[in-house]
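You will see two complexes here that share subunit A, one where it goes with subunit B and one where it goes with subunit C.
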Partner chain A sequence: MAATDPMLDSGADFRTRLQNWLPKIVLAPSFAVMVIFVYGFIAFTIYLSFTDSRMLPSYDLVGWQNYERLFRVRQWDTALVNLGIFAGLYIVISTIIGLLLAIFLDQKIRGEGFLRPIFLYPMALSFIVTGTAWKWILDPAIGLEVTMQRWGWESFQFDWIKDSEMAIYTIVIAAVWQSSGFVMAMFLAGLRGIDNEILKAAQMDGASNFQMYRRIILPQLRPAFLSAFVILSHLAIKSYDLVVAMTDGGPGTSTWLPALFMYEYTFTRNQMGIGASSAVIMLMTIAAIMVPYLYAELREQK
Partner chain B sequence: MAIASSDNAIRSNKVARTFIYLFLLLFALFYLMPLGIMLVNSLKPLSEITAGGMIAMPNEWTIEPWLSAWSTAQIGVQPTGLRPYFINSIAMAVPAVAISTVAGALNGYVLTKWHFRGATWVFGLLLFSCFIPFQIVLIPMARILGLLEIAGTTYGLILVHVVYGIGFSTLYFRNYYAAFPTELVRAAQIDGAGFFQIFWRIMLPSSGPIIAVCCIWQFTNIWNDFLFGASFASGDAAPMTVALNNLVNSSTGERPYNVHFAGAIMAAAPTLLVYIVAGRYFVRGLMAGSVKG
Partner chain C sequence: MARAVTTQRKAINTAIAWIVGLLIFFPILWTILTSFKTEAEAIANPPVFLFFDWTLENYGVVQERSNYMRFLWNSVFLAGGSTLLGIIIAVPAAWSMAFVPSKRTKDILLWMLSTKMLPAVGVLYPIYLLCIRLGVLDNRFALVVVLMLINLPIIVWMLYTYFKEIPGEILEAARMDGAGLKEELLYVLTPMAVPGIASTILLNFILAWNEAFWTLNLTSVDAAPLTAFIASYSSPEGLFFAKLSAASTMAIAPILILGWFSQKQLVRGLTFGAVK
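The block that comes next holds the complex of A and B.
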């Protein structure tokens, strides 16, 4: 803006000008915070991922070395395989359970208002609380296994949480417990949005319930499927607290996920360069899922 | 809850309905089971848990584990119980929720009613910032908090939660205000009302529900956060989630499971209470943050 002489400006003029600038002035702090703390920090971390930073940030560039080393480290391999298992099962099982609960709840169920909050409350809990509960429930020494044995089923065994091959599956159980109710709510909202006239017409044409769901209802739930997939996959990639609370990555490093890897390498093992590169990979993976989704949503709103 | 019941056109017979009810009840049990186990075992003497397994009512009821978890249990190196950390979490969550909600309301107002070039871009950038994995900001954040000399303090955590809470709070208010009639704002403008007057007299009085949604969402998220708490405030300023994790994962010798469960319920209590009192708004917040990104 050109400099103006305040003496020549009438009071009213100044007020109008201020009013014109006020919206931007009000937005400015949030904008600045976002630019610095989100995008500036992302840029800084990306930069660090190309440096030889160890315990402290260093500014000496080393090219792609950290990424090359990252993909040679055994624990990163473990973390990626675990993420594949965890995310795959978590998404599929939560979606199936959520969809079934939503469809069943949508059958004019008595007590729906009582059941729905029960399905959904785990979503209000901290993953540390969920982890603590499931850690001891699945602990063979005091939880499910020993209880079943005391009740007379002496050969009952369920010690996955202590078994490095199986421990990752116990994380899936707890995570599904926490978020399948949320998926139910998304599908239920979708089901309630379907036009009943179409269903009635189909019914008059003699369509069976199964046919109606397969041909009419499920295809209309496509946006809900997409939302569920996007939200669950982004939660899976960010998963950290639940693993820390349940197994702390163990036994050994068998339940490491990328988020644990990043934390361990950066803050415990003083390999900040490698830690930063793992964070960049996490960001890119989430961006690949979220950006197209958000872009489509934003365009749709216009 | 917000979802209205619809007239469903699906027919079903008796057998199918019985199966549906059984299925739903079974899952209700599955969801309630961990909370029930925590509650029951937090009221048992430890010897009953180690000798009798978990899934039984206590023979002897005791509130000893609760007292211990609250005021004497060993957290890290000190036998302080969870009380100071519970207070930390409140001191962190209340200002962070308030500041991020106010900022979100103003941002949403500007982005919808004072449209300027690039507004969609600003919003898009804010929106994406809601979903980043926070690992990508941990290293620089640690540096900045160090430079500002608020590393390891509750102030530091407030700053962090405000910064990364603004995205979601803006998202809520923007989507809510987008449906608010712009004509009212223009009419007030013609009558000579200013920027803040319009916000205060016209927007705010009808913002009750979205303020509730936003506060509840922010509170739940901030209270439940573990990553930032563990990274930036271990020690005396640790929030409740970090203290609970220390309690559960660092006890030596015989593990006081009953104390762990009592502590876990304490950590869950505030968000659970909010959910019970205002579940409707919590669900709305969840949906607004997902279905309509």
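The block that comes next holds the complex of A and C.
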């Protein structure tokens, strides 16, 4: 140790120390940004939900009052029921159609390369634009209904979008349209990953097509089902653009979803405290779905 | 899953797949076709499909009346700016996690990814209030920062998964040949990382281009991109059918083109890397 030149030694030392620290230093900005802007800001929202903020934020704590009031508000009920209907149907139907499409596209379809991006387009395009297109198609005065009637199907009726009981289902239609191709892509990747040998062996043993899907293929798609569920459910809870473009919450408040509720209560009704408590509920719901999933992923990958 | 499928079955399957494809594409196709019609033809009943007098008039009117180009420029600025900024911050972070992993790397990554799934409403208040406090509501630069923050987790994650695919042996070989950190970065890693970075840029550009929650809530006039412009266009009843279609077509055209080339990246990004 004493034999080496101290100048040279500290130089080399600095270099190795820098090499060791560099990865941490370059990671730090991303890390810090996410800690502050996600957790710091969420903490602020949680704090707001316990204050009597209205148009402007206030810092006077009022305990659970906003939450108690939130669950007494009729529109929040509507938003929750709508979310239940919407998320349930959206997840189930998108998964079924997506799976069927994937099985279909896996049968050596001619022009698959051309079809795949087309199936994916609805998910890639702005929901504001596609939502607007759906709004016309479903509008009884200018869309499907009147077209069918002019083409001779006089009794054809489809005015759900104007019907406060049925309007939420039109959102389901548009949302399913949007996601099915995307879910298909997830399942298709899963199908392509299945070992051919197993299928050949099953076929030799005389398994029918149906049996093969039920007993071998579908069970192997479990990871794809799981990811599809997590992704679709978080999309459902976050849904905002599509509703804004299609019905803007109407007729009346019949198609309000939680994200729309929060927006309306904050910016048009100046009830920031209640809005914040609704945001916190949404956060908790997503976390409840996501945390177990990520935890499972983490254990699997280790 | 290649299995023997009879020719007849194959033909039927192909036909059905194409019909479904056409049905799925129909709303988009209809929007595009309508943009080339006159207002009268646009609401004609029964609808005219292809045989109408194609006109570009709507595009001119939309530009003239509402200065469409400004919204288009805002869209390009916001999507491009936030992507660029995000990439600059994320590349070193992803590099560090992919090539110099520590015990906590996996945890940090999943934690970052989890933040992308959280609803934007959770951080709307602080960002909104901060924008008011700083006087940058409806400001392009502020929105670039916000969009970058929103998409940063997905950028880091995507870059990480791409970087992870670069074989470590190449680095070891380079180190054995005496390459330092600088040579390693410049001559070995960068050329191999470019495709992954390009894919991430493409994906993030699409995500930022389509972003509506933040652009609707934080802009009014000056910084409003196409999504906000189309959302603000009045009800479809009346005479604006074809013009709204023209505006919509211009808003989706770049994504129709980009989406064609980047479908793989799109799936990969939207599934958070679950599908490679």
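Some observations on this one:
As a working rule, the second predicted complex is superposed on the first by the 288 of 302 C-alpha atoms of A that agree within 3 Å, B and C clash if a C-alpha of one lies under 4 Å from a C-alpha of the other, contacts with A are read in each partner's own complex, and residues count from 1 in each chain.
The rule is short, and it goes like this: a contact is a pair of C-beta atoms (placed from the backbone, for glycine too) under 8 Å apart; a residue touches a chain by one contact, two chains touch by 3 or more.
Fair warning: this is a prediction, and the values are worked out from it, not measured in the lab.
Of the two partner chains placed by the overlay, subunit B and subunit C both lie in contact with A:150. Judged by the touch definition given at the top, the superposed model places A:37 against both subunit B and subunit C. In the superposition on chain A, A:294 makes contact with both subunit B and subunit C. When the two structures are aligned on the shared chain, A:74 is found in touch with neither subunit B nor subunit C. Residues common to the contacts of subunit A with subunit B and with subunit C across the two structures: 19, 22-24, 26-27, 29-31, 33-34, 37-38, 40-42, 44-45, 48, 57, 101, 104-109, 112, 115-130, 132-137, 142, 146-147, 150, 177, 181-182, 185-186, 189, 192, 196, 199, 203, 223-224, 227, 230-231, 234, 237-238, 240-241, 244-245, 258-259, 262-263, 266-267, 272, 275-276, 278-280, 282-283, 286-287, 290-291, 294, 297-298, 301-302. If you check the complex, the residues on subunit A that touch subunit C are 19, 22-24, 26-27, 29-31, 33-34, 37-38, 40-42, 44-45, 48, 57, 101, 104-112, 115-130, 132-137, 139, 141-142, 146-147, 150-151, 177, 180-182, 185-186, 189, 191-192, 194, 196, 199, 203, 217, 223-224, 227, 230-231, 234, 237-238, 240-241, 244-245, 258-259, 262-263, 266-267, 272, 275-276, 278-280, 282-283, 286-287, 290-291, 294, 297-298, 301-302. Residues of subunit B that touch subunit A in their complex: 1, 3-12, 17, 20-21, 23-24, 27-28, 30-32, 34-35, 37-38, 49-50, 52-55, 103, 106-107, 110-111, 114, 116, 120, 122-129, 131-141, 143-144, 163-164, 166-167, 170, 178, 194-196, 220, 223-224, 226-227, 230-231, 241, 244-245, 248-249, 257, 260-261, 263-265, 267-268, 271-272, 274-276, 279, 282-283, 286-287, 290-293.
Per the touch definition, subunit A reaches subunit B in the complex via residues 15, 19, 22-24, 26-27, 29-31, 33-34, 37-42, 44-45, 48, 57, 97, 100-101, 104-109, 112-113, 115-130, 132-137, 142-143, 146-147, 150, 177, 181-182, 185-186, 188-189, 192, 196, 199-200, 203, 209, 212, 223-224, 227, 230-231, 234, 237-238, 240-241, 244-245, 248, 258-259, 262-263, 266-267, 272, 275-276, 278-280, 282-283, 286-287, 290-291, 293-295, 297-298, 301-302.
On the side of subunit C, the complex with subunit A involves touching residues 1-3, 5, 9-10, 13-14, 16-18, 20-21, 24-25, 27-28, 30-31, 43, 45-47, 89-90, 92-93, 95-97, 99-100, 102, 106-108, 110, 112-115, 117-127, 129, 149, 152-153, 156, 181, 206, 209-210, 212-213, 216-217, 226-227, 230-231, 233, 236-237, 241, 244, 248, 251-252, 255-256, 259-260, 263, 266-267, 270-272, 274-276.
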